[in-house]
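You will see two complexes here that share subunit A, one where it goes with subunit B and one where it goes with subunit C.
Showing the complex of A and B:
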């Protein structure tokens, strides 16, 4: 986990996962003529769910295209489980790609679309039907599988795209805005599927603008801005590294005023603000501190000393959204 | 969520041969193409001239049939290079119409649907993809050009006997090679225009434009500059020169020469005709290379 790009090489070296099981970027740069795609990227992506987060034009799609072998780096080296696109037969079998756009003809049925992809992979006819069925079942679309995609809802199209990307059983799954257009129920099911795939040992690389959902499922995030990796790692770890923005901790208790007064006495506390009761939750104090660990030690003493009954203690800004805002801000229309 | 155990099983089944991969897009596109009744009807109608040709050949060797039809044997079309040249020209024109109908829809839907990344993130490269799309045209175009052409040649050789087939093997070669030159040119133009213009109708119109406007332009240059050099601009004329050479035909006072407006003495040189074809093919490949990218280039 790190915030500054200079530290990325170190992270790569310290990765506990064998490199043969990672997606690895070694000093990768990609330029489109004079336009920068990504620059000097060093990353090691372990199995599990990794989210790419950044404003439009930050380099998310370029990174995904590099992983899927659709484009080659201008310099540097991309290895997916130890392989490069120079070995297409092996490489492309490892990677599944779900684009954010519709990519099928109007007269094609969902099942045909998935089967077509499998045949392009070179899978033999008897396996194609079974694998397509398995993938369509996994995205809960069996009932509509033999209907033409032209009649699908946006959510169903998203799911059939997902089915084609997992049908050939890739080891690395790259998903470009996979939650777009899904209703809440389908979104929950899809997130559940990602978690299943991630827990099975797949590399699930997601680009998404729906940050709170990314936050729920991601094992790690990669924050991008203007083609550079701004931060990468587990969200909590990234948040801890953002020293210039004090950590916010929301404490709900029975004596918020007393707690606020006592908290001011702590050296690490920058601000303490009373919070009104929220629905069935009681009043509280929002603490901003530069040393969360130090504050938690002091909090124990305050609570015990003044007999304060705590209802909840929770970090208020160690999610992707907060980290995104701190590191990238609103530049490029980040959400 | 942590990854405790890697229990995801990749596919370990049988794979098809690499070289067959390009046939997958071809097969699917052919299926779609032959869903059109208009196309199937056209393909059947395209065999009218070959059947007429077979009839003419048959009449040459069946005096009783000539007598029955009260025909003068001297009025029958002679079975020579001109006959095969005219056949090739007529079937070539039909091949052009078929290409204008079927070709523009080959690549444009994939571009409109942003489907290229889904092709190219699999073990199929751009060349194989283009080859697959061109193969869609190879099959129906072969079916109406060199296949019936060689059939006519075989029937003529069989009926004439006495080593005619071997003595005139250049006709068979010209039919086969000439057809493939034409098919390749048409298929390449069709996929290039399909990649360039996403609207099917406009791509069809453009294909007609490439031939007819270039011919008109060539004729205009000829008129204004009082020359025949403008013919290099006419793809129809260029292909006529190549076929005439393959068939070793005299171009004056022949049916073939009339069809292509080729007059003896002012034909463009062979090398120039091939050069024009090479340039057109190179332009098509350049266009395809530019348009067929896995992802949009950031600008």
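Showing the complex of A and C:
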């Protein structure tokens, strides 16, 4: 828990991005009657791709609904690029939200659905057509655009909702489980689209339980548990802050037994375990250490002293899933 | 984000509100004007017209038929209008049309699309209310016009002409259609608000019907806290009620036409403001609905 508090304070104080260009939570709590949604959340989310990670009921959707004004905080303040949902005409020109609600108007086609959102934005008819076409093309759904949504597959419905949320070219895009229902091909295309949007300077806030995919594209992560932010920042940085949990390093080399024996002599090493060869990769040693920097210094000496040929040295748990398991003790899932 | 150079809309506030209300109106009319769900409303609106026209057609086919005199049918239509048309028909028709405008969005889990668009909640209320009003007015104003024409269709032409052209007939027709429109306007605003305020608006609707029907036993100033009081103050013909009908028919100390119309507009405005205010406080929580 200390990870979050210190990190949040650092982020709030030291964020290099002006607050007018961030999504900001100031001491935000949300209770549904007696039930806690989120509690005392302080966050400053800069542009780029930010992932919300946490198990069911951890508060991911609550945070997203707070950002977009679908619910109001019980206390505290949420600002998006300096605006609040109380001024919808400015706010929702800058914000797009692809929710999890899989519902649409009756007898509406995909194109009509996207166009209707744009009409409410106040665009003229030709611009509505052009923007809708552009958004539908970006989610690769042009062929089905003039069919009724009622006949769409789950993945197509997911993509048409995504198209509607990006059609007006928002600066902040909030996506609740956007990869749900997508086949591997569509998932890869969608992740590419998110990366493209993130590189264009948008805030892309994603919740997902497909951790390894989100991990690949995220600039920063926010880990949630039981309504609290337990850690946030760049995944490497968050991992480094989890001092109380040993870090795992997988070293593949030509003399794994010797390396394991030598590694036991290092003060920083908690455990050394031999690893079988894996496909083209040779055997190795899985090291668990509380002081990665200290171990790497010792490793240099061992390698030079015993003439060990290294094949690879890589963190074995420097991803969202591992940090998540350390902090939350769960593999989590969608909210 | 794109190669297309499309500027953000930069219309004036009023132009934006008008275009947004227009977009909402067109979609809501498409969604709600004719639906399977609304079958009972159309039946409620058109049943009296169908019965009256059936009566006229039967009368026309039987030359020996000696029905009521013209003046009696004028009074019968006034009775039907007050006892059946204003209360159960327009009242429950408006319950069905207007409460569903927002409650239906919650049931179908589509309200968030509006809440996530750059539309002020007041504009959303206005757009949806107009769609409901057009629907209700089309069916109920159309129905009372059909009732009016059907009521006198079996009379000889010279009697009809005398009533319409030399008598108060045209005035009566406009009055009935106008009162029906005002009823849709005021009850529509009431049930739009109740549809936002309550998860089950039927219960308050029934309580209010009871109030509207039986507040004659209350002091004079409380009688005026009723939409029906002002609507009935405008009726062009005051029918004579007998027996139990006298309890719910007739209006003592009616308001003047101008006071009644202004009051109905004022009530509608207050109710729409309440609806907007309620909607502004609303959050999306489909699971609890």
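In this section, the second predicted complex is superposed on the first by the 324 of 335 C-alpha atoms of A that agree within 3 Å, B and C clash if a C-alpha of one lies under 4 Å from a C-alpha of the other, contacts with A are read in each partner's own complex, and residues count from 1 in each chain.
Methods note: a residue touches a chain if its C-beta (ideal position, glycine included) is under 8 Å from a C-beta of that chain, and two chains touch if they have at least 3 such contacts.
None of the values given here were measured: they were computed from a predicted structure.
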| item | value |
| --- | --- |
| Superposed partners subunit B and subunit C on subunit A - clash or fit | clash |
| Contacts of A:219 with subunit B and subunit C, given as first, second, both or neither | first |
| Partner chain in contact with A:131 - subunit B first, subunit C second, else both or neither | both |
| First (subunit B), second (subunit C), both or neither touched by A:47 | first |
| Which superposed partner A:119 touches (first subunit B, second subunit C, both, neither) | both |
| Touching partner for A:169 - first (subunit B), second (subunit C), both, neither | both |
| Which superposed partner A:199 touches (first subunit B, second subunit C, both, neither) | first |
| First, second, both or neither for A:68, with subunit B first and subunit C second | both |
| Touched subunit A residues, subunit B compared with subunit C | B |
| Common interface positions of subunit A, toward subunit B and toward subunit C | 32, 65, 68-71, 88-89, 92-93, 95, 97, 99, 101, 103-105, 116-117, 119-124, 127, 131, 169, 197, 200, 202 |
| Residues of subunit C touching subunit A in the complex | 1-2, 4, 6, 8-9, 11, 16, 19-20, 23-24, 27, 31, 108-110, 112-121, 283-286, 288 |
| Subunit C-touching residues of subunit A, taken from the complex the two chains share | 32, 65, 68-72, 88-93, 95-97, 99, 101, 103-106, 116-117, 119-124, 127, 130-131, 134, 166, 169, 197, 200, 202 |
| Touch list for subunit B against partner subunit A, complex | 1-11, 13-18, 20-21, 24-25, 28, 32, 109, 113-115, 117-125, 294-295, 297-299 |
| Partner subunit B, residues of subunit A touching it in the complex | 21, 32-33, 35, 37, 46-49, 57, 61-62, 65, 68-71, 88-89, 92-95, 97, 99, 101-105, 107, 116-117, 119-124, 127, 131, 164, 168-171, 195, 197-202, 217, 219 |
